[in-house]
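Two complexes come next, and they have one chain in common, chain A, joined by chain B in the first and chain C in the second.
Up next, the complex of A and B:
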């Protein structure tokens, strides 16, 4: 005897607009980061210039975190089966808080104006806290035995720690707290990029890579232990950073880099076993991403042993732009047309082929532009030439404008199919 | 004999399209067996909405089996 449907009510599915608002505004922050490089190439003199801090957060918070939160509104119900309570109103508040907060943060860091840093900490801290609480409420009935829901919880905790450390930094910069800035900054970077973003990428990859790239599953032991193991090592690493235990800190940094490389190499290996005869664009984006992560990790380790300013810059460019932006872009080109297709099927009963909603050729052009921007950024940061930095900035503006235009085109195709 | 739809190893939304086509041809009172690589939460919502009864289980080899009945 088959029982009545037992999982979710139809109303639990988020509206298309819920994740979409995050995906539409995020590329504008990426373009703003490129525009800043175009206008003020001297900001790449070191990673400590106010302009470099602003550009980093335009990409990390304005683009990366915004897309990740939008995707989570969709991944939690679709992949993990978790229902975020009142996802529509929660998404509206979180999106507004993150958008205005990211603008205030970038402006506050770039101009050194503490008047902007204070509202940034309230908005980003409040927005993320609201999301984390809503997501945990949604996940409370989902068994922790499944890799993706379990690791999503770890990533949410990682983001919470990263934002708390960010707020602490902002208060210290404003003179309200007396703390060793470099120590808190290292912890903030570690938790933001690995505890939050890295674990989230892995949690999503366990499902998304085999599903969309038609590969075998990740090795069971890797999917089961990677996030928990990485989180545990990150905790011990944090203690060595806090205790200023130089050689132990470097050894644990190397262990973390090895864990990240293990994930990247396994992802590349799975892609080689894809049942596709021709690799699709998302596979290409992941290849750029994983290659950049591995190169970036090498730069992180070299930077810890070298006085030269260029290594941390190269590490930041490779990990943020080459690594995270590449895989996020690759996932966006699957998620947005799939959601358009799904909502058309649910609303009007029939949807065009996904390739009609999102053809391959604009994605191919965008990835070529993205790879050119990455190469230009790396050369410009190594050489330090102002005109090369301006050229790299121009390419970054162009790639994010192209991404924005491609998203709008898919929405146009969706609207036409919906109307008729 | 119960009809089986094997939608493993396909890229979304092909598994979804396959099962929707099969459901359109499923007479009242009959059921089909769907084989998938993972739990299809969006499909469950549509089955709930359209009044189908279903039961899902995960085999030891990780394959997801779903019995769907058109009541």
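Up next, the complex of A and C:
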């Protein structure tokens, strides 16, 4: 059935506060991750320290997943015509559950107090389940012909699998389940970063890169088959992980890495062909992101063949901080000022243009700080010096504080325009 | 991709290229080139709006009986884009690079989120309701006559 045309209306779009609440709290989690590095540099000794697990989830759940969910409330109606039923109250509950859940999870993992893991699993599992059900209700009447709406569904399923595996891990850590931890952990990481986040990024990129950066389209076969193909390989890879089929698992990891590199290289290639010659901050952020993904994928493969603790750390830093944080930040700098502009235009009939609401120069400074923090993290993790790790932590705190301040400034400009 | 979706999506991309030419010329301070490029962009955009407002939307409304639905929303967004284009013209007349860059960025995002809705939702609806009619040919003729 064809969706009701009213879904195209701005009236069907969520209130400004619906996505905004996610975008405001997210940078605070990033800053908290930096503060943890500053306070306890020994957490970078290996990927297995409780502190490393806590920092990873502050970034992956508190920042990345939170922004992604906030953005989905906004873009599902625009790119897929899907209206999330009761999006205001649903967003309030999902946001509270994700925020408190992420805090409990990070604290539970970092401090070793497993008592915090139980509420974390209930809140994160419940919050994500509520979102996925609401999103699928919105999407149920939408045809799956186009790449983006179809791939959004795959990403939602990927996140659901990742969170289910995460809950399983938390139960195992709390002694409630007896499971091969390493196996479940590998599956959790694969589904969270690739099945959920990676597919969501690709689904967004199919439309965002060509339309906003004015580039040619992605090759039709890539946009049509990448997410489904990657999902299928991820399933087979999961079977080899579960069956502990070492060499088959490595071969499939290499195939997955090649698929991710294919996406990143195509994105960079398209951006080189952009018709816009004016420097665009989101494009810069994407370039840092795609370069980091490619370097991170190499580290993932080396880590599988090496006993050295540093490779998984470098892979994690490159993929999470260099890859996902960069592209998410790049998109936030477009989404927030545009929503401020849109709501001002609707509410008071006129609005300052986007670059008056969000000037380029603070974004440029923020991206420079972000790149410096990334470089410092990579050097600090490689060298393992406590003071370098503290410096990297300080830069991470500073970059997320800067992001937070930039968001608050847009809101200040929004309020002034609304009042005046 | 079906006929109307494919034709109109291609035309969106065509308009984007003229938009980028004007933006580049302004950034380089080539005001005469910018003025010519913006005039071309405005004429392509207006031609696209006109093909929709005077042919595609009325046919869709007649076929579905939905006059208060998606076409009404799209007409409203066309009006907002026309105002944004006027502000770009003003910035160009004042040779104000910063103001032009801000207004152009605003129009670009406004235009692309509008295009996403049309390409992903409205045009496929048009294709399914208007298959077997000559609407696609009519649109093609109008868009080509404009160029």
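Note that the second predicted complex is superposed on the first by the 409 of 420 C-alpha atoms of A that agree within 3 Å, B and C clash if a C-alpha of one lies under 4 Å from a C-alpha of the other, contacts with A are read in each partner's own complex, and residues count from 1 in each chain.
Rule of thumb we're sticking to: a residue touches a chain if its C-beta (ideal position, glycine included) is under 8 Å from a C-beta of that chain, and two chains touch if they have at least 3 such contacts.
Computed from a predicted model, the values in this text were never measured in an experiment.
Touched residues of chain A were counted for both chain B and chain C, and C has more of them.
Looking at the shared chain after the overlay, A:341 reaches both chain B and chain C. Of the two partner chains, neither chain B nor chain C is touched by A:141. Using the contact criterion defined above for the overlaid structures, shared-chain residue A:272 touches neither chain B nor chain C, since it reaches no partner.
Using the contact criterion defined above for the overlaid structures, shared-chain residue A:211 touches chain B and also reaches chain C. In the superposition on chain A, A:149 contacts chain C only, with no contact to chain B. In the superposition on chain A, A:356 contacts chain C only, with no contact to chain B. Common to the chain B and chain C interfaces on chain A are residues 2-5, 7-10, 78-81, 207, 210-212, 214, 275, 338, 341-342, 345, 354.
Residues of chain B touching chain A in their complex: 9-13, 16, 20, 31, 37-39, 41-42, 44-49, 52-55, 62, 67-69.
Remark: chain A residues 2-5, 7-10, 12-13, 77-81, 207, 210-212, 214, 217, 275, 338, 341-342, 345-346, 354 touch chain B in the complex. Residue ranges on chain A touching chain C, taken from their complex, read 2-10, 78-81, 143, 145-146, 148-149, 207, 210-212, 214, 274-278, 334, 338, 341-342, 345, 352-356. Those residues of chain C lying in contact with chain A across their complex are 13, 16-17, 19-21, 23-24, 27, 66, 69-71, 73-74, 80, 87, 98-99, 101-103, 105-106, 108-110, 112-113, 115-117, 120-122, 124-125, 128.
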